[in-house]
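Each chain gets a letter, A, B, C and D, in the order it is written, and its residues are counted from 1.
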Amino acid sequence: MSKKRVWPVALLVLLLVLSSALAGCGKKSSGNSGDTLVFGRGGDSTSLDPSRVTEGETFKVTVNVYETLLNFGEQDTSIQPGLAKEWKTDDGLTYTFILEEGVKFHDGTDFNAEAVVKNFERWANGDADRFPYYNSMFGGFKGDEGHVIESVVAEGDYTVLIKLKRPQAPFLKNIAMSMFAIASPDAFEKGDDQFERNPVGTGPFKFVEWKANETITLEKFGDYWQKGLPKLNKVIFKSIPDNSARLNALIAGEIDLADGINPADGEMIEDNKDLQLIKRPSMNVGYLGLTVTREPFNNKEVRQAMNHAIDKETIINSFFEGQANIAKNPMPPSIFGYNDDIEGYAYDPKKAKELLTKAGYTDGFEMELWAMPVPRPYMPDGAKVAEVIQSNLADIGIKAKIVTYDWPTYLDKASKGEADAFMLGWTGDNGDADNFLYVLLDEDNIGSNNYTYFKNDKMHDLFIEAQTEVDEKKRIALYEEAQEIIHDEAPWVPLAHSTPLLAASKGVTGFVPHPTGSDLLANVELKK
Amino acid sequence: MNESKRILEVKELQTTFFTDSGQIPAVDRISFYLSDSEIVGIVGESGCGKSVTSLSVMGLVPSPPGKITGGEILYNGRDLTRLTDKEMRRIRGNDIAMIFQEPMTSLNPLFTIGNQMIEAIAIHQSEMSKKQSEEKAVQMLKLVGLPRASALMKDYPHQLSGGMRQRVMIAMALVCDPKVLIADEPTTALDVTIQAQILQLMKKLNTDLGTAILLITHDLGVVAEICERVIVMYAGQIIEEAPTSVLFKDPQHPYTQGLIQSVPDMRLKKERLYSIPGNVPKPGTILTGCRFAPRCKFAFDRCISENPELYVTADVHQTRCFLYEERKVKMDGNNTFVDS
Amino acid sequence: MLSYVGRRLVHLIPVLLGMVFIVFMMIRAIPGNPAQVILGQQATAEAVAAMNVKLGLDQPWYIQFFKYLGGVLQGNLGESMRTRLPVADEIWPHLAATMELAFFAILIAIVIGINAGIVSAWFQNSWFDYIAMVLALVGVSMPIFWLGLLGQWTFAIEFSWLPTTGREPVRDPVNAITHLYIIDTLIQGRFDQFFEVVRHLILPGAALATIPMAIIARMTRSSMLEVLRSDYIRTARAKGQKMFWVVYKHAFKNAAIPILTIIGLQMGMLLGGAILTETIFAWPGIGRYIYEAISFRDYPVIQSGILVVAFIFVMINLIVDLLYGLIDSRIKYD
Amino acid sequence: MATTPLLTVRNLKKHFPVKKGMFGKTVGHVKAVDDISFYVNHGETLGIVGESGCGKSTTGRVLMRLLEPTAGDIQFDGKDLTSLSAEEMRKTRRDIQMVFQDPYASLNPRHTIGKILEEPLIVHGMSDSIERKKKVQDFLEVVGLHAFHAKRYPHQFSGGQRQRIGIARALMTNPKLIIADEPVSALDVSIQAQVLNLMQDLQKEFNLTYIFIAHDLGVVRHISDRVGVMYLGKLVEIAPSEQLYEKPMHPYTQALLSAVPVPDPDFHKERLLIEGDMPDPAAPPLGCAFHTRCPYKMEICTTDIPQLIEQHTGHSVACHLYGSQGDNDIKQMEGSL
């Protein structure tokens, strides 16, 4: 009998030996080779032509391949020189850009004023399907009534004149957006489809290879016009969808830099002597939208009551792990025009209850509370946050039923005004107040990004005025006033401005995270 | 009567099944022997323990739940119950072979006849080359009367009729020249004309090869046909044993008598069959007194409380019945218990 | 045999047509507009309308359906709405990645699952049986998510034996030819890379193998238990055959058909892509490809992706059916 | 013997198609029952014997129209069963009942015996529940069980008891004819005798007519008045049982009888051993189906199918050995009885 028992044991031993034999041999790949940086991120790019997409993963790559006429500041959205070393305007209608000389595209062709003109013509002659961002930022295309740009002309080899039909306040910020990067005309003239897989820009890195859903590889552009840059030889963007797996890969040394770190992992990274935690300046807002066309949220007092009822601090401490600030306005403090004088609605259930009574809802009411189905930087765990809100509301007698849909459905239904109250957020594109306030709360955007259907004539006038006002100070005053209206009308419960987290191995230096989420890697070095 | 060697001797064998509802002694202290070249029948109804007896000898009692819990099985003087697994495997198929009731399911459907025949040779005669084994297999198939033996080697069991399969089973059992063949209901699943062929074959092989045969059956006709000696089992015990001619002429145990008279005789038509009242007991349900007492019309008080021994009533005849204690009772088996 | 295969392939056509139709209707029934998703939250209504025209989504569904069908019949699987690439070009690298992983996983599942099942049946009610079956039960109910991260933590971080994610060493990428990296590295004689590719397969392969392994083990056990009770097993034992051969030769071949069926089904399922495993291990497989297409309402990719997966599924079943005949000569195809 | 038989079967055939190929084309037929004719008189027992695959069970099922006959007619009690509608046939079935080999398989394990026995009464329109229950109890007693058994379930009974229940169920509708298909072959010898005796008692008590299908020649002889022998779908011999067993004419019958082991070691009989197996029913031999195994095979046997011809009073045989005098017409047979 005992002999019979031997062989299952033998099988187990065999399996163990096999598995350890396979595993034992492979320690070598964990060491870093100093000149290649592997950047682990959540998703793949959809295209490498930044003008054709709206999605952030593309810009993470293209910001290193392409350059724009103007740049944002290192960690803010101030306007800095880019391919244009100088620029000026007198009336806010005609802009003159003086270009850098001696800049080459990766294909060896020269960057000059003609190339800039060709890029702008390409966009202006397109349509909303091809260049969605151009459409939204410059009000349409050539021939459209709303199209802001009158003309783009070259004056000599290194001067470009851009004339506008009417002043556009955030024009320079728009020009600095990664979507409006200057590409080699030779390359895009070969056709869109070919071009978006083979990007040719002037950036510090040139494109090498793209394995869908896997890696995008860039390498140092030897003829880069800024001497001494880039410092790395190679950058590989690797898609690792799961946040925990990405962190594991970082700890294991397979990647050097990882974005999308769970707030909960922050502490662990700080404690790890091989890693560094990197905080990206916030340019987002997470909020609870109240659809003002639906009862009882058509009542301002009810909306204010909601603002008083929700305990933002608990939410931030519990689910953002402290990596966020309490929001009181619809845009983050880093944006010019932020009204810091506004006093946020304090967590005060008693007051909330009073407001409800005043509004005629002494016994509360029933409502649907939509919880975000996907984690976003501005809302790491929609379901959990919804539960807190639900219990906060229950304290003042409001019965909230949590509902959720898959993400496209959620957005689709919310944009149709089908939600009572919905969780959502926004990450700024160009760091302008207009990109938050007008886009998210103006009546012009009802049916698209104004999910609350909020409408206020005075506020609308302020927005339109601000859009054409070139004087920065005056603009700030206009936006501050608008924020007061919004605060009083309370179409939202602003929740948080989160600080997105990244992590890198200790050897990574020179990495400066940008609020827009697109990080320039030219100055990054990797030391063993 | 038997001067020849006792090749197989079972002494006080007890095989118990350990089930959730308790221990069931399927075979309860039975003793018998099989001499060289002899054909002995074990006859009985369902649940009497005859099949468990044969499986016990082969060491093939399904375990769990079954287990040999007592006694000895002596093959050429060696106690099989004490052998190791490996030693027992050397006996199985080599010294003692077995064939089963269901030729339809007893051959592996996914291997050719040749494969299964050669396997049997390879296990015990590893010195034989593949070619020799093949020749031997074909030779055995011919011996059991199968036509086109070499072609048959490549056939699968489903391509053969039941009778042919049983012949293959016999050929396979005899391929290593065993001294003992245990045949468990070898013809029950076959048609009568085929049964007749198989029985004739077994008898011939017994004569030609000298293989001793232990034939397990429920069919008294089959026993009468080829067995020299008969053991009658009832509810896990041997209740009577005698040479075939003696047993049929002078059955002593009331059960044996009843059994013989229950069978409709093809040669003459009786108005009414004799029938034993009651039901065949499930194994393990009767544990005190004579196992047959509840169905026995001669049963008296003692039969209910005490189990009779197996009394030797003549040189060659043993009966487990109080009526034969001290052989006081002599009866004429032919008409004593009939018609009443 | 050939006519049988032909007949099966003919029968396949209506099945696949029906599938295409059902998938077509289903993805259009769920809310969400691809144009909106492609254009992003900033898009204006006009832009969305223009995109709809561009994508042909303004047409009635039956016109869209027959256009798509017409394309498929000509071997054109359509073009991704999101990346604007032909689905046929895009799908292969993903399918190859999934195939490599799935074959590896099913191999693990078969080798371990079958042997565990056989030994469990052989020593029914032994400690091995109990432990194996408890593990199998746990295996079926184990969250892959948790298992995958645990595997990464243990084998990649604590012991540094295996890589955490991906299918190739990032800093030394494989030059893709067939996109089956095992083959590609061998063709190019890069045995160092081949070894790396195998190492990358182990963790996701093991995670993906868990459930099929458990299912195969349980199916093998029950199938073997039934077979081990049959008469021909008794015959084989009565011949004096060693229990090992009785079990592995006589019993296993007879128990193989239901096991093969389960393996076929599991294989089909694995080839359909395992979104969770592919997500945790950053595996660029077909599951993630289709999943992402669903989030983007990328209709052609969803349709063609599911069509391709269904086709593979049915083909595997056909192969399994043909294997039956190889195992059991009683099964005839005519 | 001027009475008309209870059942007369003429040229009955049951062919099963053999399907093959891509479109399930019928490539041949298994002639399970191939042109057989016989009759059964009131109150008698006709035994049908033969080896497995000879078509005896199929015959039983076709008579009940559980299987639809391919050809031929079945006159039962003045009705042509083959021409009845399904509804009429259902009603007629109360007069013809069947008893099966494996009573366990035909008893619903979830119903009590009482319910099982009541069912045929309900089906055939006996509406009074009390009366039905009374009848169930009566019949349980009749077959040697007890009234209290009505509350039990099939698995609580032994094989012999279950067969008694099967018989009771058949009797519930007061049938005229009972077709018993291997009713005792699954039973132990001692139990078999009980059931056979019971069947004989019931026949007398209820004036039943039996068709008794079995492979055990001893059992068939014991219970039958006349016996038919089937081979490969054909009736090869039919005769009063005495005559058939004493003077079998067909070589197959002779072989069959001589093959049966007799429980008497001193009985030595002349053995006619036939070689080989029954041919494949899907491809029966030409001419006489038995010629492949027949020791008396003649030239004609391989070409001509022998007709069933009455050789002596009531003793018909289908064999070329016995010439062609007489008439194989069934009417002739009836007339001479």
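Remarks
Here is the rule we go by: a contact is a pair of C-beta atoms (placed from the backbone, for glycine too) under 8 Å apart; a residue touches a chain by one contact, two chains touch by 3 or more.
Each chain and its UniProt protein: A = ABC transporter substrate-binding protein; B = ABC transporter ATP-binding protein; C = ABC transporter permease; D = Dipeptide ABC transporter ATP-binding protein.
All figures in this text were calculated on a predicted structure; none of them were measured in a lab.
Contact tally for B-C versus B-D: the pair with more C-beta pairs in contact is B-D. Core chain by CA centroid proximity to the global CA centroid: C. Averaging C-alpha coordinates per chain places the centre of chain B 54 Å away from that of chain C (ABC transporter permease). Centroids built from CA atoms put chain B at 86 Å from chain A.
Chain B and chain D have centres, each the mean of its CA atoms, that are 32 Å apart. If you average the Cα atoms of chain A and of chain C (ABC transporter permease), the two centres end up 35 Å apart. The set of chain A residues that touch two or more partner chains comprises 4. Along chain C (ABC transporter permease), residues 243 each make contact with two or more other chains. Within chain D, contacts with two or more other chains are made by no residue at all.
Every residue of chain B that touches chain D in the complex is listed here, in rising order: 45-46, 161, 163-164, 191-197, 199-200, 218-225, 244-245, 248-249, 258-260, 262-267, 269-270, 272-277, 279-280. Taken together, the chain B residues at the contact with chain C (ABC transporter permease) in this complex read 58, 60, 62, 64, 85, 89-94, 97-98, 100, 102, 105-111, 119-120, 123-124, 156, 158, 169, 172-173.
The touching residues of chain D, counted against chain B in their complex, run 51-52, 158, 160-161, 188-194, 196-197, 200, 215-219, 221-223, 241-242, 245, 255-267, 271, 273-275, 277-278. Across the complex, chain C (ABC transporter permease) is touched by residues 4-5, 7-8, 11, 15, 20, 22-27, 29-30, 33, 36, 38, 43, 46-47, 54-55, 127-129, 132-133, 135-136, 192-193, 196, 209, 211-215, 217, 236, 238-242, 244-246, 248-249, 251-252, 254-255, 405-409, 411-413, 426, 429, 439, 447-449 of chain A. Taken in their complex, chain C (ABC transporter permease) has these residues touching chain B: 125, 229-232, 234-243, 250, 253-254, 327-330.
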